[in-house]
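Before anything else, here's the structure in question.
Lettered A, B, C and D in written order, each chain numbered from 1.
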Amino acid sequence: MRYVAVVGSGECSEELARLAYEVGSGLARRGVVVICGGRGGVMAAAARGVQETGGVVIGLLPGTSRAEGNPYLTFSLPTGLGEARNAVIACAAEALIAVGGGYGTLSEVALALKRGKRVVGLAFSFPQLPGIITAATPEEAVEKALSP
Amino acid sequence: MRYVAVVGSGECSEELARLAYEVGSGLARRGVVVICGGRGGVMAAAARGVQETGGVVIGLLPGTSRAEGNPYLTFSLPTGLGEARNAVIACAAEALIAVGGGYGTLSEVALALKRGKRVVGLAFSFPQLPGIITAATPEEAVEKALSP
Amino acid sequence: MRYVAVVGSGECSEELARLAYEVGSGLARRGVVVICGGRGGVMAAAARGVQETGGVVIGLLPGTSRAEGNPYLTFSLPTGLGEARNAVIACAAEALIAVGGGYGTLSEVALALKRGKRVVGLAFSFPQLPGIITAATPEEAVEKALSP
Amino acid sequence: MRYVAVVGSGECSEELARLAYEVGSGLARRGVVVICGGRGGVMAAAARGVQETGGVVIGLLPGTSRAEGNPYLTFSLPTGLGEARNAVIACAAEALIAVGGGYGTLSEVALALKRGKRVVGLAFSFPQLPGIITAATPEEAVEKALSP
(Lines give C-alpha, C1' and ligand atoms only; values in the text may rest on other atoms or scores of the structure.)
Protein backbone atom coordinates (compact mmCIF):
# COMPACT_ATOMS: atom_id res chain seq x y z
CA MET A 1 0.00 0.00 0.00
CA ARG A 2 1.29 3.45 -0.86
CA TYR A 3 0.59 6.74 0.89
CA VAL A 4 0.76 10.17 -0.76
CA ALA A 5 -0.21 13.47 0.85
CA VAL A 6 -1.99 16.20 -1.08
CA VAL A 7 -1.22 19.55 0.53
CA GLY A 8 -2.49 23.05 -0.16
CA SER A 9 -4.35 25.98 1.30
CA GLY A 10 -7.56 25.87 3.33
CA GLU A 11 -9.09 28.29 0.87
CA CYS A 12 -8.45 28.19 -2.85
CA SER A 13 -9.65 29.24 -6.29
CA GLU A 14 -11.96 27.06 -8.37
CA GLU A 15 -9.06 26.28 -10.68
CA LEU A 16 -6.87 24.99 -7.85
CA ALA A 17 -9.83 23.02 -6.48
CA ARG A 18 -10.26 21.39 -9.88
CA LEU A 19 -6.58 20.43 -9.98
CA ALA A 20 -6.70 19.08 -6.42
CA TYR A 21 -9.84 17.10 -7.23
CA GLU A 22 -8.11 15.49 -10.22
CA VAL A 23 -5.02 14.70 -8.16
CA GLY A 24 -7.15 13.01 -5.50
CA SER A 25 -9.08 11.12 -8.13
CA GLY A 26 -5.91 10.00 -9.92
CA LEU A 27 -4.31 8.75 -6.72
CA ALA A 28 -7.46 6.87 -5.78
CA ARG A 29 -7.62 5.21 -9.20
CA ARG A 30 -4.13 3.82 -8.55
CA GLY A 31 -5.13 2.49 -5.14
CA VAL A 32 -2.96 4.98 -3.26
CA VAL A 33 -4.05 6.01 0.24
CA VAL A 34 -4.31 9.81 0.30
CA ILE A 35 -3.32 11.81 3.38
CA CYS A 36 -4.35 15.42 3.82
CA GLY A 37 -4.83 18.08 6.46
CA GLY A 38 -8.57 17.44 6.50
CA ARG A 39 -9.75 21.04 6.25
CA GLY A 40 -11.23 23.06 3.35
CA GLY A 41 -9.88 24.41 0.07
CA VAL A 42 -7.33 22.17 -1.61
CA MET A 43 -7.69 19.58 1.18
CA ALA A 44 -11.44 19.28 0.68
CA ALA A 45 -11.20 19.21 -3.11
CA ALA A 46 -8.59 16.46 -3.07
CA ALA A 47 -10.65 14.49 -0.56
CA ARG A 48 -13.74 14.83 -2.70
CA GLY A 49 -11.78 13.56 -5.69
CA VAL A 50 -10.76 10.52 -3.69
CA GLN A 51 -14.21 9.88 -2.29
CA GLU A 52 -15.99 10.12 -5.63
CA THR A 53 -13.46 7.71 -7.12
CA GLY A 54 -13.99 5.16 -4.37
CA GLY A 55 -10.59 5.58 -2.73
CA VAL A 56 -9.42 6.16 0.82
CA VAL A 57 -8.45 9.57 2.22
CA ILE A 58 -7.27 10.16 5.78
CA GLY A 59 -7.48 13.66 7.26
CA LEU A 60 -5.02 14.67 9.97
CA LEU A 61 -6.75 17.60 11.64
CA PRO A 62 -4.91 20.27 13.64
CA GLY A 63 -7.59 20.70 16.29
CA THR A 64 -9.25 18.43 18.81
CA SER A 65 -12.65 18.04 17.12
CA ARG A 66 -13.59 15.66 14.35
CA ALA A 67 -16.26 18.18 13.35
CA GLU A 68 -13.66 20.47 11.82
CA GLY A 69 -12.96 17.95 9.09
CA ASN A 70 -14.39 18.27 5.60
CA PRO A 71 -17.24 15.89 4.65
CA TYR A 72 -15.24 13.90 2.09
CA LEU A 73 -12.78 12.20 4.43
CA THR A 74 -12.91 8.42 4.69
CA PHE A 75 -11.23 8.64 8.08
CA SER A 76 -10.49 11.72 10.17
CA LEU A 77 -8.01 11.96 13.01
CA PRO A 78 -8.04 15.09 15.20
CA THR A 79 -4.45 15.40 16.42
CA GLY A 80 -4.75 18.35 18.82
CA LEU A 81 -1.23 19.40 17.74
CA GLY A 82 -2.04 22.67 16.00
CA GLU A 83 0.44 23.52 13.23
CA ALA A 84 2.76 20.75 14.46
CA ARG A 85 0.43 18.31 12.73
CA ASN A 86 2.11 19.49 9.51
CA ALA A 87 5.19 17.59 10.63
CA VAL A 88 3.07 14.47 11.06
CA ILE A 89 1.68 14.78 7.53
CA ALA A 90 5.20 15.15 6.13
CA CYS A 91 6.29 12.11 8.14
CA ALA A 92 3.34 9.85 7.38
CA ALA A 93 3.37 10.24 3.59
CA GLU A 94 5.96 8.75 1.25
CA ALA A 95 5.56 11.62 -1.21
CA LEU A 96 3.74 14.95 -1.35
CA ILE A 97 1.83 16.71 -4.09
CA ALA A 98 1.53 20.45 -3.38
CA VAL A 99 -1.27 22.30 -5.15
CA GLY A 100 -1.08 26.09 -4.87
CA GLY A 101 -0.37 26.57 -1.21
CA GLY A 102 0.57 29.17 1.37
CA TYR A 103 3.08 29.15 4.19
CA GLY A 104 1.49 26.18 5.97
CA THR A 105 1.83 24.13 2.80
CA LEU A 106 5.40 25.34 2.42
CA SER A 107 6.20 24.03 5.89
CA GLU A 108 4.90 20.60 4.93
CA VAL A 109 6.89 20.66 1.70
CA ALA A 110 10.05 21.72 3.53
CA LEU A 111 9.68 19.00 6.18
CA ALA A 112 9.12 16.37 3.49
CA LEU A 113 12.17 17.52 1.52
CA LYS A 114 14.16 17.50 4.77
CA ARG A 115 13.21 13.83 5.16
CA GLY A 116 14.34 13.14 1.59
CA LYS A 117 10.86 12.59 0.21
CA ARG A 118 9.62 13.23 -3.29
CA VAL A 119 7.65 16.49 -3.55
CA VAL A 120 5.72 17.36 -6.69
CA GLY A 121 4.42 20.89 -7.28
CA LEU A 122 1.29 21.52 -9.34
CA ALA A 123 0.62 25.23 -9.78
CA PHE A 124 2.75 25.35 -6.63
CA SER A 125 2.99 28.83 -5.12
CA PHE A 126 6.75 28.57 -4.55
CA PRO A 127 7.95 27.05 -7.84
CA GLN A 128 11.47 28.38 -7.47
CA LEU A 129 12.11 26.17 -4.46
CA PRO A 130 15.01 23.81 -5.16
CA GLY A 131 14.12 20.14 -4.90
CA ILE A 132 10.55 20.48 -6.13
CA ILE A 133 9.52 18.32 -9.07
CA THR A 134 7.23 20.34 -11.30
CA ALA A 135 4.14 18.88 -12.95
CA ALA A 136 1.97 20.52 -15.60
CA THR A 137 -1.15 18.42 -15.10
CA PRO A 138 -2.79 16.44 -12.28
CA GLU A 139 -2.06 13.22 -14.13
CA GLU A 140 1.61 14.11 -14.40
CA ALA A 141 1.70 15.05 -10.73
CA VAL A 142 0.34 11.66 -9.73
CA GLU A 143 2.77 9.82 -11.97
CA LYS A 144 5.78 11.77 -10.74
CA ALA A 145 4.78 11.31 -7.10
CA LEU A 146 4.67 7.55 -7.62
CA SER A 147 7.89 7.23 -9.63
CA PRO A 148 10.39 4.99 -7.89
CA MET B 1 -18.48 6.39 11.93
CA ARG B 2 -17.10 5.78 15.39
CA TYR B 3 -13.48 5.58 16.51
CA VAL B 4 -12.23 3.67 19.54
CA ALA B 5 -8.60 3.20 20.54
CA VAL B 6 -7.32 -0.05 21.98
CA VAL B 7 -4.27 0.66 24.10
CA GLY B 8 -1.85 -1.61 25.92
CA SER B 9 1.75 -2.70 26.17
CA GLY B 10 4.08 -3.52 23.30
CA GLU B 11 4.73 -6.90 24.89
CA CYS B 12 2.08 -8.93 26.63
CA SER B 13 1.04 -12.37 27.89
CA GLU B 14 -0.97 -14.78 25.76
CA GLU B 15 -3.99 -14.13 27.94
CA LEU B 16 -3.84 -10.34 27.37
CA ALA B 17 -3.30 -10.95 23.67
CA ARG B 18 -6.42 -13.07 23.57
CA LEU B 19 -8.44 -10.35 25.30
CA ALA B 20 -7.08 -7.68 22.95
CA TYR B 21 -7.85 -9.85 19.94
CA GLU B 22 -11.46 -10.25 21.09
CA VAL B 23 -11.79 -6.52 21.73
CA GLY B 24 -10.51 -5.71 18.24
CA SER B 25 -12.79 -8.31 16.73
CA GLY B 26 -15.82 -7.04 18.66
CA LEU B 27 -15.21 -3.44 17.64
CA ALA B 28 -14.80 -4.48 14.00
CA ARG B 29 -18.06 -6.45 14.07
CA ARG B 30 -19.82 -3.25 15.12
CA GLY B 31 -18.22 -1.27 12.29
CA VAL B 32 -16.08 0.82 14.62
CA VAL B 33 -12.76 2.15 13.32
CA VAL B 34 -10.03 0.99 15.68
CA ILE B 35 -7.05 3.20 16.48
CA CYS B 36 -3.92 1.83 18.11
CA GLY B 37 -0.26 2.57 18.57
CA GLY B 38 0.67 0.21 15.77
CA ARG B 39 3.38 -1.77 17.56
CA GLY B 40 3.44 -5.27 19.07
CA GLY B 41 1.83 -6.93 22.06
CA VAL B 42 -1.68 -5.70 22.81
CA MET B 43 -1.58 -3.38 19.79
CA ALA B 44 -0.76 -6.21 17.41
CA ALA B 45 -3.30 -8.58 18.94
CA ALA B 46 -6.09 -6.01 18.73
CA ALA B 47 -5.12 -5.21 15.13
CA ARG B 48 -5.16 -8.88 14.23
CA GLY B 49 -8.63 -9.19 15.73
CA VAL B 50 -9.81 -6.31 13.57
CA GLN B 51 -8.14 -7.59 10.43
CA GLU B 52 -9.46 -11.13 10.73
CA THR B 53 -12.97 -9.76 11.28
CA GLY B 54 -12.76 -7.56 8.18
CA GLY B 55 -12.64 -4.23 9.98
CA VAL B 56 -10.39 -1.19 9.78
CA VAL B 57 -7.52 -0.49 12.17
CA ILE B 58 -5.27 2.55 11.95
CA GLY B 59 -1.84 2.48 13.63
CA LEU B 60 -0.30 5.73 14.82
CA LEU B 61 3.37 4.87 15.08
CA PRO B 62 5.84 6.75 17.29
CA GLY B 63 8.77 6.59 14.88
CA THR B 64 9.40 7.75 11.34
CA SER B 65 9.25 4.39 9.56
CA ARG B 66 6.18 2.50 8.43
CA ALA B 67 8.23 -0.69 8.79
CA GLU B 68 7.91 -0.54 12.59
CA GLY B 69 4.18 -1.23 12.32
CA ASN B 70 2.71 -4.65 12.98
CA PRO B 71 1.47 -6.63 9.94
CA TYR B 72 -2.23 -6.43 10.82
CA LEU B 73 -2.78 -2.68 10.36
CA THR B 74 -5.16 -1.60 7.63
CA PHE B 75 -3.44 1.78 7.55
CA SER B 76 -0.26 2.87 9.30
CA LEU B 77 0.84 6.42 9.97
CA PRO B 78 4.38 7.05 11.23
CA THR B 79 4.11 10.27 13.24
CA GLY B 80 7.76 10.88 14.15
CA LEU B 81 6.57 12.30 17.48
CA GLY B 82 7.99 9.68 19.84
CA GLU B 83 5.95 9.31 23.02
CA ALA B 84 3.99 12.48 22.17
CA ARG B 85 2.04 10.32 19.71
CA ASN B 86 0.22 9.01 22.80
CA ALA B 87 -1.47 12.42 23.04
CA VAL B 88 -2.59 12.07 19.42
CA ILE B 89 -4.12 8.65 20.09
CA ALA B 90 -6.00 10.03 23.11
CA CYS B 91 -7.19 12.95 21.00
CA ALA B 92 -8.19 11.01 17.88
CA ALA B 93 -10.34 8.38 19.59
CA GLU B 94 -13.76 8.98 21.13
CA ALA B 95 -13.20 6.29 23.72
CA LEU B 96 -10.38 4.03 24.87
CA ILE B 97 -10.21 0.40 25.89
CA ALA B 98 -7.10 -0.33 27.94
CA VAL B 99 -5.95 -3.95 28.08
CA GLY B 100 -3.22 -4.65 30.64
CA GLY B 101 -0.84 -1.79 30.05
CA GLY B 102 2.27 -0.11 31.41
CA TYR B 103 3.15 3.52 31.93
CA GLY B 104 2.77 4.43 28.25
CA THR B 105 -0.75 3.06 28.29
CA LEU B 106 -1.41 4.93 31.50
CA SER B 107 -0.40 8.19 29.82
CA GLU B 108 -2.91 7.56 27.03
CA VAL B 109 -5.62 6.75 29.57
CA ALA B 110 -4.85 9.87 31.60
CA LEU B 111 -4.91 12.12 28.53
CA ALA B 112 -8.22 10.63 27.41
CA LEU B 113 -9.76 11.10 30.87
CA LYS B 114 -8.42 14.66 30.89
CA ARG B 115 -10.36 15.24 27.67
CA GLY B 116 -13.49 13.79 29.28
CA LYS B 117 -13.52 10.62 27.23
CA ARG B 118 -14.85 7.24 28.19
CA VAL B 119 -12.08 4.83 29.22
CA VAL B 120 -12.78 1.16 29.78
CA GLY B 121 -10.27 -1.07 31.53
CA LEU B 122 -10.05 -4.80 30.77
CA ALA B 123 -7.54 -6.55 33.01
CA PHE B 124 -6.21 -3.01 33.27
CA SER B 125 -2.94 -2.76 35.19
CA PHE B 126 -4.09 0.30 37.17
CA PRO B 127 -7.64 -0.69 38.15
CA GLN B 128 -7.71 1.62 41.16
CA LEU B 129 -7.56 4.69 38.91
CA PRO B 130 -10.65 6.85 39.43
CA GLY B 131 -12.69 7.40 36.29
CA ILE B 132 -11.99 4.00 34.73
CA ILE B 133 -14.98 1.90 33.73
CA THR B 134 -14.17 -1.72 34.50
CA ALA B 135 -15.16 -4.55 32.17
CA ALA B 136 -14.94 -8.26 32.91
CA THR B 137 -14.98 -9.52 29.33
CA PRO B 138 -13.97 -8.22 25.88
CA GLU B 139 -17.62 -8.11 24.89
CA GLU B 140 -18.49 -6.00 27.91
CA ALA B 141 -15.53 -3.70 27.22
CA VAL B 142 -16.76 -3.06 23.68
CA GLU B 143 -20.31 -2.41 24.83
CA LYS B 144 -19.24 -0.04 27.58
CA ALA B 145 -16.90 1.86 25.27
CA LEU B 146 -19.76 2.44 22.86
CA SER B 147 -22.40 3.39 25.45
CA PRO B 148 -23.73 6.86 24.87
CA MET C 1 22.92 22.09 35.62
CA ARG C 2 19.98 20.02 36.73
CA TYR C 3 16.36 20.24 35.58
CA VAL C 4 13.35 19.14 37.61
CA ALA C 5 9.70 19.60 36.65
CA VAL C 6 7.04 20.48 39.18
CA VAL C 7 3.68 19.26 37.92
CA GLY C 8 0.17 19.66 39.26
CA SER C 9 -3.26 21.02 38.54
CA GLY C 10 -4.09 24.42 37.09
CA GLU C 11 -6.33 25.06 40.07
CA CYS C 12 -5.49 23.98 43.59
CA SER C 13 -6.17 24.45 47.29
CA GLU C 14 -4.16 26.86 49.42
CA GLU C 15 -2.48 23.92 51.07
CA LEU C 16 -1.28 22.45 47.77
CA ALA C 17 -0.16 25.91 46.67
CA ARG C 18 1.91 26.21 49.83
CA LEU C 19 3.53 22.84 49.20
CA ALA C 20 4.25 23.72 45.56
CA TYR C 21 5.71 27.07 46.61
CA GLU C 22 8.07 25.35 49.02
CA VAL C 23 9.10 22.79 46.40
CA GLY C 24 9.88 25.56 43.91
CA SER C 25 11.78 27.48 46.55
CA GLY C 26 13.74 24.41 47.62
CA LEU C 27 14.74 23.54 44.07
CA ALA C 28 15.82 27.12 43.41
CA ARG C 29 17.96 27.17 46.56
CA ARG C 30 19.85 24.17 45.20
CA GLY C 31 20.39 25.87 41.83
CA VAL C 32 18.09 23.50 39.97
CA VAL C 33 16.30 24.81 36.87
CA VAL C 34 12.57 24.26 37.37
CA ILE C 35 10.32 23.30 34.46
CA CYS C 36 6.56 23.58 34.68
CA GLY C 37 3.46 23.84 32.52
CA GLY C 38 3.36 27.60 32.99
CA ARG C 39 -0.31 27.94 33.94
CA GLY C 40 -2.06 28.57 37.29
CA GLY C 41 -2.57 26.54 40.44
CA VAL C 42 0.35 24.32 41.37
CA MET C 43 2.34 25.59 38.36
CA ALA C 44 1.98 29.22 39.41
CA ALA C 45 2.72 28.49 43.07
CA ALA C 46 5.87 26.56 42.23
CA ALA C 47 6.98 29.30 39.86
CA ARG C 48 6.42 31.94 42.53
CA GLY C 49 8.51 29.91 44.93
CA VAL C 50 11.33 29.82 42.40
CA GLN C 51 11.05 33.49 41.52
CA GLU C 52 11.04 34.71 45.11
CA THR C 53 14.09 32.57 45.85
CA GLY C 54 15.99 34.00 42.89
CA GLY C 55 15.97 30.84 40.78
CA VAL C 56 15.05 30.05 37.19
CA VAL C 57 11.71 28.58 36.13
CA ILE C 58 10.78 27.79 32.53
CA GLY C 59 7.11 27.45 31.58
CA LEU C 60 6.15 25.21 28.67
CA LEU C 61 2.71 26.49 27.71
CA PRO C 62 0.13 24.41 25.81
CA GLY C 63 -1.22 27.28 23.71
CA THR C 64 0.25 29.70 21.21
CA SER C 65 0.28 32.84 23.35
CA ARG C 66 2.85 33.88 25.93
CA ALA C 67 0.07 35.81 27.66
CA GLU C 68 -1.41 32.59 29.04
CA GLY C 69 1.64 32.11 31.27
CA ASN C 70 1.62 32.94 34.96
CA PRO C 71 3.52 36.07 36.02
CA TYR C 72 6.25 34.22 37.94
CA LEU C 73 7.97 32.49 35.01
CA THR C 74 11.56 33.45 34.28
CA PHE C 75 11.10 32.26 30.73
CA SER C 76 7.93 31.17 28.97
CA LEU C 77 7.69 29.09 25.83
CA PRO C 78 4.31 28.75 24.09
CA THR C 79 4.49 25.37 22.36
CA GLY C 80 1.18 25.35 20.46
CA LEU C 81 1.01 21.58 21.08
CA GLY C 82 -2.03 21.44 23.36
CA GLU C 83 -1.93 18.49 25.75
CA ALA C 84 0.99 17.00 23.81
CA ARG C 85 3.20 19.53 25.59
CA ASN C 86 2.88 17.21 28.60
CA ALA C 87 5.12 14.79 26.74
CA VAL C 88 7.68 17.56 26.25
CA ILE C 89 7.69 18.38 29.98
CA ALA C 90 8.22 14.70 30.82
CA CYS C 91 11.04 14.54 28.27
CA ALA C 92 12.80 17.79 29.18
CA ALA C 93 13.05 17.18 32.94
CA GLU C 94 15.37 14.67 34.61
CA ALA C 95 12.92 14.13 37.45
CA LEU C 96 9.38 15.19 38.35
CA ILE C 97 7.75 16.29 41.57
CA ALA C 98 3.96 15.88 41.42
CA VAL C 99 1.94 17.96 43.86
CA GLY C 100 -1.74 17.02 44.05
CA GLY C 101 -2.66 16.69 40.42
CA GLY C 102 -5.44 15.59 38.09
CA TYR C 103 -5.41 13.53 34.91
CA GLY C 104 -3.11 15.95 33.05
CA THR C 105 -0.55 15.62 35.82
CA LEU C 106 -0.99 11.86 35.77
CA SER C 107 -0.14 11.83 32.06
CA GLU C 108 3.10 13.69 32.76
CA VAL C 109 3.94 11.30 35.60
CA ALA C 110 3.21 8.27 33.43
CA LEU C 111 5.34 9.55 30.55
CA ALA C 112 8.23 10.29 32.91
CA LEU C 113 7.99 6.83 34.50
CA LYS C 114 7.87 5.34 31.00
CA ARG C 115 11.17 7.09 30.29
CA GLY C 116 12.63 5.66 33.49
CA LYS C 117 12.74 8.97 35.34
CA ARG C 118 12.46 9.57 39.06
CA VAL C 119 8.98 10.78 40.05
CA VAL C 120 8.29 12.03 43.56
CA GLY C 121 4.72 12.48 44.79
CA LEU C 122 3.86 15.08 47.43
CA ALA C 123 0.23 14.89 48.45
CA PHE C 124 -0.03 13.21 45.07
CA SER C 125 -3.58 12.45 43.99
CA PHE C 126 -2.71 8.95 42.77
CA PRO C 127 -0.47 7.67 45.61
CA GLN C 128 -1.17 4.01 44.86
CA LEU C 129 0.61 4.28 41.50
CA PRO C 130 3.55 1.87 41.38
CA GLY C 131 6.89 3.54 40.80
CA ILE C 132 6.08 6.78 42.64
CA ILE C 133 8.48 7.83 45.40
CA THR C 134 6.43 9.33 48.22
CA ALA C 135 7.56 12.40 50.13
CA ALA C 136 5.98 13.79 53.30
CA THR C 137 7.35 17.32 53.05
CA PRO C 138 8.49 19.72 50.29
CA GLU C 139 12.04 19.45 51.55
CA GLU C 140 11.93 15.67 51.34
CA ALA C 141 10.42 15.86 47.84
CA VAL C 142 13.29 18.03 46.64
CA GLU C 143 15.90 15.77 48.19
CA LYS C 144 14.38 12.61 46.77
CA ALA C 145 14.04 14.16 43.30
CA LEU C 146 17.75 14.98 43.33
CA SER C 147 18.98 11.66 44.72
CA PRO C 148 21.33 9.94 42.34
CA MET D 1 11.28 40.24 27.85
CA ARG D 2 11.58 39.51 24.17
CA TYR D 3 12.26 36.18 22.45
CA VAL D 4 13.87 35.79 19.02
CA ALA D 5 14.85 32.52 17.38
CA VAL D 6 18.00 32.14 15.33
CA VAL D 7 17.53 29.31 12.85
CA GLY D 8 19.89 27.70 10.37
CA SER D 9 21.59 24.47 9.41
CA GLY D 10 23.29 22.01 11.72
CA GLU D 11 26.41 22.30 9.60
CA CYS D 12 27.61 25.55 8.07
CA SER D 13 30.53 27.43 6.56
CA GLU D 14 32.82 29.60 8.65
CA GLU D 15 31.28 32.68 7.10
CA LEU D 16 27.73 31.67 8.13
CA ALA D 17 29.01 30.76 11.58
CA ARG D 18 30.52 34.24 11.90
CA LEU D 19 27.20 35.85 10.90
CA ALA D 20 25.25 33.65 13.33
CA TYR D 21 27.71 34.44 16.13
CA GLU D 22 27.24 38.18 15.53
CA VAL D 23 23.45 37.81 15.45
CA GLY D 24 23.50 35.93 18.75
CA SER D 25 25.82 38.49 20.26
CA GLY D 26 23.70 41.41 19.03
CA LEU D 27 20.50 39.92 20.43
CA ALA D 28 22.17 39.26 23.77
CA ARG D 29 23.46 42.85 23.97
CA ARG D 30 19.84 44.02 23.68
CA GLY D 31 18.69 41.66 26.43
CA VAL D 32 16.70 39.46 24.07
CA VAL D 33 16.27 35.79 24.99
CA VAL D 34 17.50 33.71 22.07
CA ILE D 35 15.80 30.46 21.10
CA CYS D 36 17.45 27.94 18.82
CA GLY D 37 17.35 24.29 17.86
CA GLY D 38 20.28 23.53 20.13
CA ARG D 39 22.41 21.54 17.70
CA GLY D 40 25.57 22.43 15.72
CA GLY D 41 26.37 24.75 12.83
CA VAL D 42 24.39 27.98 12.85
CA MET D 43 22.64 26.97 16.09
CA ALA D 44 25.94 26.47 17.92
CA ALA D 45 27.50 29.63 16.52
CA ALA D 46 24.53 31.77 17.52
CA ALA D 47 24.52 30.19 20.98
CA ARG D 48 28.22 30.88 21.39
CA GLY D 49 27.62 34.52 20.44
CA VAL D 50 24.96 34.75 23.12
CA GLN D 51 27.02 32.98 25.75
CA GLU D 52 30.16 35.06 25.21
CA THR D 53 28.09 38.24 25.43
CA GLY D 54 26.49 37.16 28.71
CA GLY D 55 23.00 36.59 27.37
CA VAL D 56 20.51 33.74 27.61
CA VAL D 57 19.99 31.12 24.89
CA ILE D 58 17.50 28.27 25.14
CA GLY D 59 17.96 25.20 22.94
CA LEU D 60 14.90 23.18 21.95
CA LEU D 61 16.39 19.82 20.99
CA PRO D 62 14.66 17.32 18.67
CA GLY D 63 15.76 14.21 20.55
CA THR D 64 15.33 12.88 24.04
CA SER D 65 18.86 13.50 25.36
CA ARG D 66 20.28 16.72 26.73
CA ALA D 67 23.71 15.47 25.61
CA GLU D 68 22.88 16.24 21.97
CA GLY D 69 22.88 19.96 22.74
CA ASN D 70 25.81 22.22 21.87
CA PRO D 71 27.98 23.40 24.79
CA TYR D 72 26.95 27.07 24.56
CA LEU D 73 23.31 26.76 25.59
CA THR D 74 22.24 28.47 28.81
CA PHE D 75 19.30 26.07 29.05
CA SER D 76 18.56 22.99 26.96
CA LEU D 77 15.22 21.27 26.62
CA PRO D 78 15.08 17.87 24.89
CA THR D 79 11.58 17.74 23.39
CA GLY D 80 11.53 14.20 21.99
CA LEU D 81 9.40 15.50 19.11
CA GLY D 82 11.82 14.98 16.23
CA GLU D 83 11.26 17.46 13.41
CA ALA D 84 7.98 18.56 14.98
CA ARG D 85 10.08 20.58 17.43
CA ASN D 86 10.51 23.04 14.52
CA ALA D 87 6.86 23.99 15.01
CA VAL D 88 7.56 24.66 18.69
CA ILE D 89 10.47 26.96 17.82
CA ALA D 90 8.30 28.90 15.37
CA CYS D 91 5.59 29.14 18.02
CA ALA D 92 7.78 30.11 20.97
CA ALA D 93 9.65 32.97 19.29
CA GLU D 94 8.17 36.36 18.42
CA ALA D 95 10.46 36.74 15.44
CA LEU D 96 12.99 34.63 13.56
CA ILE D 97 16.37 35.38 12.05
CA ALA D 98 17.32 32.78 9.43
CA VAL D 99 21.02 32.45 8.62
CA GLY D 100 21.79 30.33 5.56
CA GLY D 101 19.58 27.31 6.14
CA GLY D 102 18.31 24.14 4.53
CA TYR D 103 14.88 22.57 4.37
CA GLY D 104 14.55 22.25 8.14
CA THR D 105 15.18 25.97 8.50
CA LEU D 106 12.72 26.64 5.72
CA SER D 107 10.05 24.75 7.65
CA GLU D 108 10.62 26.95 10.68
CA VAL D 109 10.49 30.07 8.54
CA ALA D 110 7.28 28.94 6.85
CA LEU D 111 5.59 28.11 10.17
CA ALA D 112 6.58 31.49 11.60
CA LEU D 113 5.27 33.34 8.52
CA LYS D 114 2.08 31.29 8.77
CA ARG D 115 1.67 32.61 12.31
CA GLY D 116 2.21 36.17 11.06
CA LYS D 117 5.62 36.58 12.65
CA ARG D 118 8.49 38.73 11.48
CA VAL D 119 11.17 36.69 9.68
CA VAL D 120 14.52 38.22 8.77
CA GLY D 121 16.86 36.51 6.34
CA LEU D 122 20.62 36.96 6.55
CA ALA D 123 22.42 35.21 3.72
CA PHE D 124 19.21 33.20 3.72
CA SER D 125 19.26 30.25 1.35
CA PHE D 126 15.76 30.96 -0.01
CA PRO D 127 15.88 34.75 -0.51
CA GLN D 128 13.15 34.73 -3.12
CA LEU D 129 10.57 33.64 -0.54
CA PRO D 130 7.80 36.25 -0.26
CA GLY D 131 7.41 37.70 3.21
CA ILE D 132 11.08 37.50 4.18
CA ILE D 133 12.73 40.73 5.36
CA THR D 134 16.26 40.82 4.02
CA ALA D 135 19.20 42.06 6.06
CA ALA D 136 22.71 42.73 4.80
CA THR D 137 24.50 42.54 8.14
CA PRO D 138 24.00 40.83 11.52
CA GLU D 139 23.37 44.21 13.12
CA GLU D 140 20.67 45.00 10.56
CA ALA D 141 19.12 41.56 11.07
CA VAL D 142 18.85 42.14 14.82
CA GLU D 143 17.35 45.60 14.36
CA LYS D 144 14.82 44.43 11.82
CA ALA D 145 13.80 41.44 13.95
CA LEU D 146 13.09 43.79 16.85
CA SER D 147 11.25 46.49 14.87
CA PRO D 148 7.73 46.95 16.14
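A few remarks follow.
Please note the rule applied: a contact is a pair of C-beta atoms (placed from the backbone, for glycine too) under 8 Å apart; a residue touches a chain by one contact, two chains touch by 3 or more.
Being a predicted model, the structure only gives us computed values, none of them experimental.
With respect to chain C, maximal separation of chain centres occurs for A (centres as means of Cα atoms). For the interfaces A-C and A-B, the C-beta contact count is higher for A-B.
Mean C-alpha position of chain A lies 39 Å from that of chain C.
For the pair chain A and chain B, the distance between C-alpha centroids works out to 28 Å.
Across the assembly, chain D contributes residues 64, 80-84, 87-88, 91, 115 that each touch 2 or more other chains. Against chain B, the residues of chain A that register as touching in their complex are 1, 3, 33, 35, 56, 58, 60, 64, 66, 75, 77-81, 87-88, 91-92, 115. Taken together, the chain D residues at the contact with chain A in this complex read 81-84, 86-88, 90-91, 102-104, 106-107, 110-111, 113-115, 126, 128-129, 131.
Against chain A, the residues of chain C that register as touching in their complex are 64, 80-84.
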